[in-house]
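Okay, so subunit A shows up in both of these, paired with subunit B first and subunit C after.
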Partner chain A sequence: MNKTVNQKAWFLVLPVLALVAFNAIIPLMTVVNYSVQETFGDNTFFWAGVLWFEEILRSERFHASLGRQLFFTFSILAIEIPLGVIIALAMPRKGIWVSVCLVLMAMPLLIPWNVVGAMWNIFALPDIGLLGKMLNGMGIDYNFTRQPVAAWATLIAMDVWHWTSLVVLLAYAGLVSIPDAYYQAAKIDGASSWAIFRYIQLPKMKRVLTIAILLRFMDSFNIYTEPFVLTGGGPGNSTTLLSIDLVKLALGQFDLGPAAAMSLIYFLVILLLSWVFYTLMMRNEEQ
Partner chain B sequence: MAKITLSNLRHSYLQNPKDDADWALKKLDLEWDDGGAYALLGPSGCGKTTLLNLISGLLTASHGQILFDDQDVSLLPPDKRHIAQVFQFPVVYDTMTVYDNLAFPLRNRGIDEGTVDRRVREVADMTDLTSMLTRRASKLTADGKQKISLGRGMVRTDVNAILFDEPLTVIDPHLKFQLRSKLKELHDRVNRTMIYVTHDQTEALTFADKVVVMNMGEVVQIGTPVDLFERPQHTFVGHFIGSPGMNVIPCEIHDGQAHLSGQRLETVNKSSASTTGAEIGIRPEFISFSDHGLPVKVVKVSDSGRFNIVEANCDGYKIKLLLEEGAPIPSEDAKIKFDPSSTRIYVDGWLSGLEGTV
Partner chain C sequence: MKRLGWLIPTLYILFLMLPIYWLVSMSFKTTNEILGSFTLFPQEFTLANYKTIFTDSTWYLGYVNSLIYVSLNTVISVAIALPAAYAFSRYRFLGDKHLFFWLLTNRMAPAAVFALPFFQLYSAVGLFDTHLAVALAHTLFNIPLAVWILEGFMSGVPKQLDETAYVDGYSFPRFFIKIFVPTIGSGVGVAAFFCFMFSWVELLLAKTLTAVAAKPIAATMTKTASSSGYELGLLAAAGALTIIPGAIVIYFVRNYIAKGFALGRV
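Let's look at the complex of A and B:
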């Protein structure tokens, strides 16, 4: 068979290429460019080599925010994934309550991020907020604007409230796709509900949970708006996550070189951890 | 091991069934002997899977009783009934090895590992799974997975019956035959009651000692494969079993005798004098061309290998004949003869009167 070769087709790819270049490649390369240079203003730049990378990797400030970031991400994963699965298991499988539950679950996901931050900020204010006032009324000394522990607790509660639904919806989708025959066979085999969960539901949810973990991992590692609106990184630096720190460095101090180097390291950390997660979770499939 | 008795069993998926169509399973009385091989045969939606799920306890019947030996199990959950069931689509526990899959029903019942190991190896040997015991169950082919499902049923020593719900649906055709022979062989070996649901007459007739034919939620006939073929109790059985199915031709009744095209027909049974809606049922195998008899017009001949299927027209009704290859086939006008010992009168679908009334 003779195939017509027509190189003109490449022109059809051009618009996409231009778009990607403008919104991804060019900004990324600009960052790379900044990361290896030093500037004293006036738009004059000097070669700095890997100086900024060394500085960032050795900086205690970066270590501290990376540590906080990891703590935040793993805390919310440790809560949201099991909680999401439990809620999905408890949701009805048929009847009118299915849609009611699904809509309720989807609600938090529809709220703009800075609104979530503002809502929780007001909700948790110790003098006028419903939550803050109530906790203090119960005799618990709670003030997230002063106490690091309270700030962390509020931050994690907010993320759990906002994002557990996503895990629930994914896990639920996984659950309803399990054919009835599996449950029937398990009943006949005399399996306990734990065994049904362990050997049928969990393995069948594996793929969607992998997606849920990856999404939540990447999203929480990049999180900026909600903690910025809620605590602004405070009190002190106690809730300064990587992204907040980066913005302080780049826009607050206007240290373009170090900020660019930090961005690239930040990006590589996410890439590396996502890859590790994915490989670990998919390892069994390969065997 | 038990005799299974169904008495006055009815089931509806609706809360308040009103008319006949609301019942997935109309009134049913049946007895299945211990250790028998039975098949439930019928078209899709005839209620056979419902019946199977009622027996295994996945469904609870709206009315009636199910007895295993003399114990009423109607309200017991599946695991208390000691039933094994193999489903249409193979169910295996993906993350477990074949060995763990087979051991699962025993471990759930808290049986000691020594016994588990012995039983698993025995069953693996019977189902040809020994070489795959350490492999992940999810890596097996469909027929391998179906063997695991079957093995999980056989591994328990207390199983009253093994139920099969169209177990060969997803199996490749060339493996179907193998697996079917394996089932038959296993039945002879373990001597457990096996109930096999299918819509495939070949599967039912080769597997079972006794076949229960169902249609529209009721049992139309229970009998050996030979019974079903030679003495259908209902035109449905005649249609459904055999290829091509039984000829069913509307006829007139005079003095209890069937008349077709003005000719009186010799039949096995009689009908009451003034019946309407009577039909003649005769299998294509028992009709032959003859010098005198019913005048017909040959319409079509199709070659199906060892046989020729001849389609003839008699007074506007289609009649099929099955002739051995090489037998002479007249063209156009001809006369045909029915074998009287295989010609029956049916009224409203059911075999009329009593046999032997000729």
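Let's look at the complex of A and C:
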């Protein structure tokens, strides 16, 4: 749509600007402020420069959490995106089953995050949980509170359970927007179902999939409550993702300076990676 | 292949329902049964857990508090996002693209980063432990989302509508409220749904910004989990009840959910 240039439009944006500025800029300034100062807890602050940033960037602990975070995010993306597309392709297009599928599939999205964590906790507990009991009954030694590998598997299964539906909904929206004429044309040409997928459905889903990948990327990088309730970052530190580590540092140990520096680095990592994703996918689209 | 197509969604839904079933079934069991023996169905069926929740004010007020701040947040987010989305969809102005991207960056901000500064900010302005504080804090990620979704819907409305209305002598506010907003009614519904959803499920900020008066149900649950020796049945019942508002909301917007993001611009 061709838009007219109108500087007065700023007045319409003003309320949003005011509220988001109050919510984003003031707290962000607080964080920046803490990140360059040292305090001994009596409300006196000393200039510390980039000390905390250096400390965080060099610390083994930060590297480890960042590594776990990246592993987590890329694992869930690698599972949820293809799985979501497969399910969306197999979903009915007409009739009452569409509503039934949509309502049931959307359910995990609307469960409070701590309930998701608690639900998976009692579902997977080896002594009283359905999943834990089943796996152990099949002869698999499974205890996610003790074994790091089992904890990771449970964590990823939980996220797949929780968020694949979002990908399904988006991919499905992309699929139903394809006009029937495309399919008829493909039928006349005798295209195989793979060809239909590759040359009609996938290109049409590209935009919604971009949104899905970006959303899943951002949200999985910010994930806190579910793993915190499920594993508490354990056993040991094996599932301590970035945000869990950050909250431990900020609210647990009250190390404001390092926590603030870590916050900023964390935020910048998300911004940078999102920007890279976004430009890469947009460039593909233009070609 | 085509005939077995129904199998994939069915298996997926089964996988989704299993943990939910376990939660609901556990909520009807006594603590003894949960810890003592492994049963697929509740053997000593009990409603005691639900009774506790509906009679103990610390429990049911949690739901009331959550619903108050979620509704407040949905109203504020959508009301403020509407004019902004209109500006983005109709006009070009100085810094519009940057502003749009900056709004979206707030959607990326980890709640964990904002927890402590929010606590200090809202304490400083005297809003700590109020429903308004949580509602305002959640606008941080809901307003960008609402603007994004609404802008997509608005761009689908031809500009001729605006022009005709102005020719007919409508002023901007009257046109906007009387004609334009009803035209994109489904978009408003979708935006409201997503605001409701993200505000309802968020815990970290809601918990940080409240103490007693506005404590959300999610926080009540975490307190119980740690303090009263893990009453799993009660916890399961409280969890099962949190699913209901979401399920009701989904039912109403089921035909529009998917559309919301599909129309939104990247």
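The rule is simple: the second predicted complex is superposed on the first by the 267 of 287 C-alpha atoms of A that agree within 3 Å, B and C clash if a C-alpha of one lies under 4 Å from a C-alpha of the other, contacts with A are read in each partner's own complex, and residues count from 1 in each chain.
To be clear about the criterion, a residue touches a chain if its C-beta (ideal position, glycine included) is under 8 Å from a C-beta of that chain, and two chains touch if they have at least 3 such contacts.
On a predicted model such as this, the values are computed, not experimentally measured, just so you know.
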**Q.** Which partner reaches more residues of subunit A (counting touched residues only), subunit B or subunit C
**A.** C
Q | Partner chain(s) touched by A:N6 [first = subunit B, second = subunit C, both, neither] | A | second
(Q) Let me test your reading of the model: by the given contact rule, A:S263 touches which partner, first (subunit B), second (subunit C), both or neither? (A) second
Q. When the two structures are overlaid on chain A, which partner does A:A250 contact: first (subunit B), second (subunit C), both, or neither?
A. second
Q: Using the superposition on chain A described above, determine whether A:A191 touches subunit B (first), subunit C (second), both, or neither.
A: first
(Q) Under the stated touch criterion, which partner chain does A:I200 make contact with: subunit B (first), subunit C (second), both, or neither? (A) first
Q. What is the contact status of A:Y182 with respect to subunit B (first) and subunit C (second): first, second, both, or neither?
A. first
Q) What does subunit A use to touch subunit B in their complex? A) 179, 181-182, 184-185, 187-192, 195, 199-200, 203-204, 284, 287
Q) Which residues of subunit C touch subunit A in their complex? A) 1, 5-9, 12-13, 15-20, 22-23, 26, 34-35, 38, 40, 76, 80-81, 83-84, 86-94, 96, 99, 103, 105-118, 120-121, 136-137, 139-140, 143-144, 147, 155, 159, 197, 200-204, 217-218, 221-222, 225, 232, 235-236, 239, 242-243, 245-247, 249-251, 254-255, 257-259, 261-262, 264, 266
Q: Using the touch rule from the top, collect the residues of subunit B that touch subunit A in their complex.
A: 53, 56-58, 77-79, 83-85, 87-89, 91, 93-96, 104-105, 108-109, 136, 149, 152
(Q) Using the touch definition from the top, list the residues of subunit A that touch subunit C in their complex. (A) 1, 3-10, 12-13, 15-17, 19-20, 22-24, 26-28, 30-31, 86-87, 90-92, 99, 101-115, 118-120, 122-123, 127-131, 133, 161, 164-165, 168-170, 172-174, 176-177, 193, 207-208, 210-211, 214, 218, 221-222, 224-225, 229, 242-243, 246-247, 250-251, 256, 259, 263, 266-267, 270-271, 274, 278, 282
